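So that we are looking at the same thing, I have put the structure below in structure tokens.
All chains are identified by letter, namely A, B, C, D, E and F, in their written order; residue positions are counted from 1 within each chain.
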Amino acid sequence: MDLGPYTSFIATSYLAAALVVVLLIGWIAIDYRIQKARLRALEESGISRRSGRAATDLQ
Amino acid sequence: MSLIDLANPTRFLALAARLLPWLALVTVVLLAAGLYLSAQAPDDYQQGATVKIMFIHVPNAWLSMFVWGVMSIASLGTLVWRHPLADVAAKAAAPIGASFTFLALLTGSLWGRPMWGTYWEWDARLTSVLILFLMYLGLMALWRAVEDPTRAARAAAVLTLVGAINLPIIKFSVDWWNTLHQPASVMRMGGTALDKSFLIPLLVMAVGFSFLFITLHVAAMRNEILRRRVRSLQMLQARAYSGSAPAGSATGQIAGAA
Amino acid sequence: MTALGALIRRDIKIALRIGGGALIGVLFFFTVVVLMPFAVGPDLALLTRLGPAILWLGALLSSLLTLDRLFTADHDDGSLDLIVMSRTPLELACAAKALAHWLAAGLPLVIATPVLGLLLNLDATATGAVALTLLAGTPALTFIGMIGAALAVTMHRGGLLLAVLVLPLSIPVLIFGVAASQAAIVGPLPFGAPFSILCALSLVSFVIGPFAAATSLRNGLD
Amino acid sequence: MTALGALIRRDIKIALRIGGGALIGVLFFFTVVVLMPFAVGPDLALLTRLGPAILWLGALLSSLLTLDRLFTADHDDGSLDLIVMSRTPLELACAAKALAHWLAAGLPLVIATPVLGLLLNLDATATGAVALTLLAGTPALTFIGMIGAALAVTMHRGGLLLAVLVLPLSIPVLIFGVAASQAAIVGPLPFGAPFSILCALSLVSFVIGPFAAATSLRNGLD
Amino acid sequence: MQQTPPLSPRLFGHDVRCVRGGREVFAGLAFEARAGEALAVTGHNGAGKTSLLRLIAGLLLPAGGTIAIEGGEAELTVPEQAHYLGHRDALKPALSVAENLTFWADFLGGGMTRPIPDCLAAVGIAHAIDLPAGYLSAGQRRRLSLARLLAVPRLLWLLDEPTAALDVAGQTMFAGLMREHLAGGGLIVAATHGPLGIDTLELRIGGAQ
Amino acid sequence: MQQTPPLSPRLFGHDVRCVRGGREVFAGLAFEARAGEALAVTGHNGAGKTSLLRLIAGLLLPAGGTIAIEGGEAELTVPEQAHYLGHRDALKPALSVAENLTFWADFLGGGMTRPIPDCLAAVGIAHAIDLPAGYLSAGQRRRLSLARLLAVPRLLWLLDEPTAALDVAGQTMFAGLMREHLAGGGLIVAATHGPLGIDTLELRIGGAQ
């Protein structure tokens, strides 16, 4: 596939798009792990959702 | 599964866990197909191979506006119906929308250099996208400025809605502003009469990016719900052990009243 | 009406007393405009050409940056609680406060414009045109900025964040303000068209501003 | 050194956490620069010519306007009392706080400059020159602005008043910053001369700023 | 503007729940007060006394439950029939004592108010009428806030630790004012740590300390 | 950094006069406290208790008189040998409990401090070590401020209503900490409205109310 004189522009576009998407996915995945770990730590330390049922419903 | 059920964050988490793998799969398939099709697409007689940038540029440009629309609807949900998931949806969408806008700007500039000979032109459409980007960033700054998510949500909702009114205004006024000083020095591709060989890959890519957005959005909403759960558990923890704080102080009792 | 009149009178009085902020805005306007020649260089022709733009930018920044205490001052001392509870609709009270702010901090900018026009080598027509557009446009800036000022109550911080949130919203006003001034000075388009759009923007902001601000205030108290 | 290091680390951490203001300055810088074409018109040649001036003005306003909470935040929560009482000389503590502020809010401006340079159609040399002058000049702005930030503690108000007090003091920095950038872009003067004056201004401000701020803080507590 | 209630008005709350900053402060709270009655809200620090007053004043949104006035002025909401006296005193230091009070009388009462000098005399700061409010001591500022309650008649007084900063003479004076208000068919809900000097019902939040 | 005083140190004030906002608050005040002694400053609201503490802390300039420490570390001023615990707690809500305390330990003590977890345990908030300080209740914030006094050793503690916001258990805990400090040769000056739970000398400002 020959992309002519502007190969670098096209490649940069695709790479940048890939990079941004990967960063987004990575951020969301890592964030998920962090929150999960924190929840687990909190629950291990004896704070259960039930003890504060009302407080934990997203308010 | 009714809307009421979805309003329950726990239900949402369960649903998200079931849906996410499928959403991700559809996204991957669509994007792979789109990439393959766009690689196969012929060169444009005028623009040469650079037309390939279109296949990312246009979906991202569309999504940049679409996401603000999603956030506006969510904001109505926050302000009018006080739906418990609405502000989660709005907050989770902002960084994703900002990323798409950034990509639209970036790929547009990279396309502009070979086409117009400059990375940037103060043209109506370009400028209004740039402002959209700034508004995304401002909104994210607002979310960051307030520690309590429910209070932040209402402020952000007002701003989102006002921004939604403002965007078309900017779009039109910028048109005006441009022609006032000098004729549009911007040439651009015909646009509407797009050949099938470009249209199909473009549409596949657009649908693929839309699914990417949905997938990421659901995942980000899940994170946000967990984050709030962590926050309220931390607050409980702050109270739980405090030396001699009276147990059961959370419930009100009446002594000797009425 | 007594209630709204009282609110306007009080806010103007406070702005003009010692410690009030009415004149700081004008000073800032002055400073920014005086700063421009230092940045742009002493090229008089260029300065003249840029004159309306500079004046409008200065007025824009100064209007927005003086707004940050519009509601937070009342929030901090508890007045806002009573205003929200009162029998006056909150939208009207917000509009009255914005009007008072414009009288105390926006109008002086218009009055200061001729002096600054001299510094920028603008002729009488040009200065007049800019002053007229500012007269029509600064109310819009105040009423749009009010939304940011109300958000500042929720955020417990004003200042730059407010400016960042509000500046994009005020871009149309800037565009038509400068366009109308330029039209009056160099043509070729008629002054009327952009000027009437400017007025229309002001009118729209009179409606949207108070409603958005009131919504945000109602939800932002704690 | 432990003490000063701890202070710098703390201030940077707070600026970057939720509720911190580090990135708002950059956003404001962006917004102001994007605003300019709306005022001046979308004429790329003119914008290119004005580029360094626009970037410098944006950086100046953004540096000064982010400074208003530098000391008042610590004053409001009582930290400032403890900092004044501590065994660390107050001048050094002030300098450390200013340094932290520059790292969190000034340096990002320098980093954002190339992107904005693209929007204003500046070429690589010009962008480089402006970024370099900003790198040398923004510390001066922070250390001069610090004086105003310290006065804000005494006056119980920051914001615009601070800007009005400090802007005149920062005019020399602006002049030599723009002059050095222009020299690098179009000549005819050598880049070196104004640039070394800029550096000298920064060095002087490193001495005067902390002393003036410390004096003002010592006298301003109550 | 003056209340001439057809029935004897009754303030009540039912199953009220309060959430602040994502944390439940109290839930299932019920209370009631009739014309001529004062309700003292007590409880340890952080129990939610101030929060309850702000809920009644409409300044916080309840997470559940209802709060209403029966038999008051039908077309008005609860906050519109109430005075709220919080920790922050809603005074502008740059304005004089008279200017401050006149503003609130005009703004809240629409001009139908008791004469300003009378109100100031009743709370014992008539001598300071032309001083800027910024020069007042904490106790004098509190007295000026109290004058607002007299200047504009309202059915319900919501008072948050009203006697804080008042000296002994001031507390006696204020107890007299409250008694007058109750005798005129008014209602009082007051958050307090100490005795108010009048007969009250008690609403205890958060259990014994 | 630790005080190993050569002589038994003595804090004294002589003929101290305080003017605030152009008004004399008190004049001709004299006081004295020796190592191991606590001085309780009492007086009605506005008498000048807080002002006196801030004078000693060097945060206000006396309009007359002298305040000094004899027999402390010679090259240090009074404020440099003192801890000040005021109404405002010098905590940053965005930082965690540990980060807040570590900062003050590093900044005030130059690293020569008691371990942070020990200090937090001593004031009873060890469980909250990683929480943002903004989530703490008023009483817990006060405990965190107290931990600062333990983390960095200082000869003189200046305490402004230290037991405000503390519950009963907290007050007992704090009385123990003060006793320890005094037993180690420290000095305390505390403004207070109520009893502190330790033996004190009394300094009354402004006469009886």
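To be clear about the criterion, a residue touches a chain if its C-beta (ideal position, glycine included) is under 8 Å from a C-beta of that chain, and two chains touch if they have at least 3 such contacts.
Since this is a predicted model, take the numbers as computed values, not measurements.
Counting only chains that touch, the fewest steps needed to get from subunit B to subunit C is 1. The greatest centre-to-centre gap from subunit D, using C-alpha centroids, is found for E. For subunit C, the chain whose average C-alpha position is most distant is F.
Annotation: 51 Å between the Cα-based centres of subunit B and subunit F. As a whole-number value, the distance joining the C-alpha centres of subunit A and subunit E reads 49 Å. Distance between chain centres (mean CA atoms), subunit A to subunit B: 14 Å. Between subunit A and subunit C the centroid-to-centroid distance comes to 41 Å (mean Cα coordinates, whole Å).
For subunit E, the set of residues that touch two or more other chains comprises 21-24, 27, 44, 209. Counting only residues that touch two or more partner chains, subunit C has 19, 157, 161, 164, 168, 171, 175, 182, 222. Residue positions of subunit B with contacts to 2 or more other chains are 131, 134, 137-138, 141, 145-148, 150, 177, 228, 232, 234-237, 239-240, 250. Against subunit C, the residues of subunit D that register as touching in their complex are 21, 24-25, 27-28, 31-32, 35-36, 38-41, 50, 53-54, 56-57, 60-62, 65-66, 68-69, 157-161, 163-164, 167-168, 171, 174-175, 178, 182.
Those residues of subunit E whose C-beta lies close enough to touch subunit C in the complex are 20-21, 57-60, 76, 79-80, 82, 84, 86-95, 99, 102-104, 106-108, 110-111. Against subunit B, in their complex, subunit E makes its touches with residues 16, 21-33, 39, 44, 47-48, 201-209. For subunit B in complex with subunit A, the residues that touch the partner chain are 9, 39, 43, 48-50, 52-53, 56-57, 60, 84-85, 88, 95-96, 99, 102-103, 106-107, 110-111, 113-114, 150, 212, 216, 219-220, 222-223, 225-230, 232-237, 240, 250.
Here subunit B touches subunit D in the complex through residues 109, 118-123, 127, 130-131, 134, 137-138, 141, 144-147, 177-178, 181-182, going by the rule given at the top.
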